[in-house]
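Listed after this line are the structures, all set down as structure tokens.
Okay, so chain A shows up in both of these, paired with chain B first and chain C after.
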Partner chain A sequence: MTTLYRLLKYAAILLWSAFVLAPFMWALSTSFKTSNGVTGGPTYLPWLQYEPSLEGWRSLFRADGSGIDIAGPYGSSVAVTLCASAISLVLGTLAAYGLSRFTYRAGFIRNADITFFFISQRIMPPVVLAIPFFLMLQAFGLLDSEVGLIVVYIALLMPIAVWVMVDFFNNIPRELDETAMLDGCNPFETFWRVILPNSKPGLVVAGLFCIIFGWSDFFFAFTLTFTNTQLLPVAVVALNSSVTPWWSLSAAALISVAPLIAVALVLERYLSRGNLAGAIK
Partner chain B sequence: MALITSQLSRRVDGVPYLDNVSCRLERGGFYVVVGPTLSGKTSLLRALAGLDLPDTGAITLDGRDQRKVPVWKRSVSMVYQQFINYPHLSVFDNIAFPLRRRGMGAEEVDRKVRQAAQRVALMPLLDRMPAALSGGQQQRMALARSLAKDDDLLLLDEPLVNLDYKLREQLREEFLSLFAKQDRAIMVYATTEPNEALLFDAEVLVMHEGRLLQSGPAREVYARPANVEVARIFSDPPMNLMQGILHGDEIRIGHAMRLSRPRHFDSLPNGNYTFGIHPGDLAMHGGGIAMQVDLAEINGSETCLHASRDSVNLVLLLAGVHGYVPGDRVEIAIDGFRLFAFAADGKLAVAPSTNQG
Partner chain C sequence: MTIHRAKWFFLLPGLLVLVAIILFPLLFTIRVSFSGWDVAQPGLDWIAGFNYTRQLQDLRFWESMARLALLTLASVTLEYVLGLALALLLWREVKAQRFFRVLFLVPMMTTPVIMSVIWRTFFHESLGPANDIAQLLGFAPQAWLTDGNLATASIVIVEVWQWTSFMFLLLLAGLLSLPREPFLAAAIDGAGPVRTFLRVTFPMLAPISIGALLIRLIEASKLMETVYAMTSGGPGTATETPSYYIFIRGLREFQIGYAASLSLIYLVIMTVALTVIAKVLARAMLPKGAAA
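Right, the complex of A and B next:
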């Protein structure tokens, strides 16, 4: 009975892993192919089924028209994503703590309305925001700049941080805040010395979401930049020409997704919320 | 020098959490707030701590208005029913946290933490994290943190509810010795169990629906409950209450029950009363009133017997374990000298003399 259960469990995990990993393996093998390798029917094994080539990878570090120089956009993407995510996380966490612990009243507006206001920013399709963002950045002279993109990304990422953190803080008993205050902490010290040190799992989830959404945005990176600034997703699209270079695109896709995989692997151990739950209740 | 509340009221969404509560808590005193769930015990403690601001009314400590003093500048500690500790700090650092916030030197912190940990038997666990402790250990850690602080006001909100029997006994004794050792702090202990208050032999405040019904020494409140509600709340199991008529030489309860007028009712005018008797004052022997057993609960070494006849329901507390089953016929003797009489408005008219008990 238990043996059968374990057998089925591992079979299911194996099946799902194959399903998830197959596209990556496919991209990996494609990145080492040439035009012949791609069009010659499905092949998987290098040397046996096709002659591997580094052309796909080389084209990412060449700025002579036959490829792109991916290093510049890569650096810009890292800078913009990290800055925007960090600022969003700080502001979003502070806002979320306020919304979770204090009562705000402005006319008919209550805490729940303010929380919804943040989240509603993400309900609108991005196209609606494109023109207002464009005009605003133009007015401040921030079009086609990394700073401009950081500002826009903060507007897009902070709601995610607020959303995740409000939910997280709501699950921390208020009595913990009260005990901290009775023990001599003012509201800011309560947040800084007691709540924040116990919020690692929430901060990790919120940060991860910010990084993922910021890193993979194409739309705003495309509409708000021209020549000076280029982010990774836009640069990758520039690879495309009359003949689709599948090998270059595959290599670019793998390079693009690599940092997210690395971040996820490092932070995975924080993602289980259990390490907090046991301590308070 | 005392903590005084006058006419505290607090409503949340129209529900009265506190309703005109006035009380005086002396320094060095041990007070037990008794009341059923939702009676306002926690609301009172939270108001005293400054965690909730009352809508109206004043709180003064040694004559100083407390309303404007922020929680973190007060000298108050609170132990909650659920175990609240700092999950990211070890047991030692948990107990040391409030001391360090006050800028106490490392040596004194160390001494105070060990002293407090000693009192609640946490010494071997000082390096553990809260997540690695049992519920009882976590509550002891919360208690140790409060003890180490040496505050003016120590609030304990049903601190023993989630603990096992043995630990409760042990910590109760710790509270008593703690109380005996100090003459400066005010200790307020909230509980749903009147027996706990009687055990502590403290001053009690009986609460119900946000109102403070009666305050005074526990034994006195037990012997002379101010009204029917206090009689019901401050007795476990609740006092038996029966509607009846005092007429001439007899007390008539229901159709069939007749008791002769006891001597302590001599000065009571004839009329309608609610008669009460503690479950422990009822006895079973031949010649009593024939009743039928509805339920027999065995609680420790006592048997709690529910019996009824017509519309009269009685609860008896019998020493020892008895094997009654529902449907059994029993004869119950009501000792007239142990009867309370409450007037039509619920107020106590006459209580039995305490010297007889």
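Right, the complex of A and C next:
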């Protein structure tokens, strides 16, 4: 490897790193500004270019008119995301195991069609479903509630779980099942005692993908909730008006995306061990 | 219990729950698309195909479709090329490899709409750093979000920032799963890095490339939150995507019937286009004779 090539390689890596970090650095700097630091043009360095203040961060924990109380939306987001992801993962994993191991037939419908039906739900643009979901949740009295959002999110997340787990199970040799059956396990015992313990990488990746896409949803939280229930993205975007307090907005944005950075750490561990290949294909 | 009974206990819970959640919305959308439901006259009357013929002449809708095609093509192509380049860079020995791998994964973990709000402040003409950077590189200050073409470019930049990490994840996972033997064989044959990439790495990566491209095309075709947070479709309607336009018609102007017909046509076009693209990609990228 020539020196020039190495130089270019690290230059490219550092350049992309700077691009990835840019919005975070900008938000971090802005979160410590006051209106003086924002309206005078772009500034970056505290003390040198602007007088830092904790106002942006303090405003996140005030419930009166001068700030947003972010604890409530945070709790709602965590609850909705985790519930919906857990239910999607359980139902999706069961269905994926069935689709991977057994043959289903109903008229002209075969396994591949059922798998496609699950995964094709991702093609559905959210905007197609927004109005009927609104009326449906209204009919059940679930509008503006966490339960209503969980129901909707299950439809969004289960396809992801099925997509990851079908491929994962297809890569687990069938001999494993057959040996277990010969040892006298029924299909449920086989699944529970033999297959599941060997499926940790797939389950982790499927679960993390559900959490990422659940946590990231804005559209349904925005159209199906109003005052009782507010999820994090809606609370943050509510700050995005013409007279935006940029400092509160930046602090709120950073605190909202922070927990999922941990997800990146976990995914990287599975990636570097080579465990991910079977899980996403 | 026989396998014949047991197999249904695996499939049915998930399938029935999904059908229960999806079925009503879909049927309702089909029915309401043949009605004139709007603010003035809410209710399921029957106006036959009027919404559909109105839609044929709705230039704003077809322009947004063309714009979506352009946006999707530009951003997904860039994401793929950059994601593949980054995956190749961090595939073999690199200093601080794990740190950079984590860092490059971070954007896909962040909530798109929240990062779009931050990017909106970033691209602010007088108060954001975008024009500082432009001037540093010797360009004149630009109207990033208020000029039609530049606003479209800004949205592509944000999409690429957000989703290159997703391509990177899938492609690096694919690279790490490749067997070693073909590379040894290529090295023995004296193939250089370019030849090895073209003859060995890229073809072996084709199945996962197709998967990654299709997933991103599907997700990108729904683009609206970034538009909503960054430009609200503006200036004028210069950055409107179909999803965003349908959102305006349905949930801002409450033309429920018309929005339903728009969204069904949009859904049909997307499904057909993605199926065709999947076939074309498989034919172009997979080695001859290999199963898709």
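Quick note on the criterion: the second predicted complex is superposed on the first by the 247 of 281 C-alpha atoms of A that agree within 3 Å, B and C clash if a C-alpha of one lies under 4 Å from a C-alpha of the other, contacts with A are read in each partner's own complex, and residues count from 1 in each chain.
The rule we apply is simple: contacts are C-beta pairs under 8 Å (C-beta built on N, C-alpha and C of every residue); 3 or more make two chains touch, one makes a residue touch a chain.
A quick note: this is a predicted structure, and the numbers were derived from the prediction, not measured.
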Touched chain A residues, chain B compared with chain C: C
Partner chain in contact with A:Val194 - chain B first, chain C second, else both or neither: first
First, second, both or neither for A:Pro132, with chain B first and chain C second: second
Which of chain B and chain C A:Glu175 touches, first, second, both or neither: first
Partner chain in contact with A:Leu48 - chain B first, chain C second, else both or neither: neither
Contacts of A:Asn186 with chain B and chain C, given as first, second, both or neither: both
Partner chain(s) touched by A:Gln121 [first = chain B, second = chain C, both, neither]: second
Touching partner for A:Ala106 - first (chain B), second (chain C), both, neither: neither
Set intersection of chain A contacts, chain C complex versus chain B complex: 186, 276, 278-281
Complex interface listing, chain C residues touching chain A: 1, 3, 6-11, 13-15, 17-18, 21-22, 24-26, 28-29, 32, 82, 85-86, 89-90, 94-95, 98, 100-115, 117-122, 126-129, 131-132, 161, 165, 169-170, 172-174, 176-177, 207-208, 211, 215, 218-219, 221-222, 224-225, 229, 242-244, 246-247, 250-251, 256, 259-260, 263-264, 266-267, 270-271, 274
Chain A partner contacts - residues on chain B that touch it in the complex: 49, 51, 70-72, 74, 76-78, 80, 82-88, 97-98, 101-102, 129-131, 145, 149
Chain A to chain C touching residues, read off their complex: 9-10, 12-13, 16-17, 19-23, 26-27, 30, 38-39, 41-42, 44, 91-92, 94-95, 97-99, 101-102, 104, 114, 117-118, 120-133, 135-136, 151-152, 154-155, 158-159, 162, 186-188, 191, 212, 215-216, 218-219, 223, 232-233, 236-237, 239-240, 244, 246, 249-250, 253, 256-257, 260-261, 263-265, 267-268, 271-272, 274, 276-281
Touch list for chain A against partner chain B, complex: 173, 175-176, 178-186, 189, 194, 197-198, 275-276, 278-281
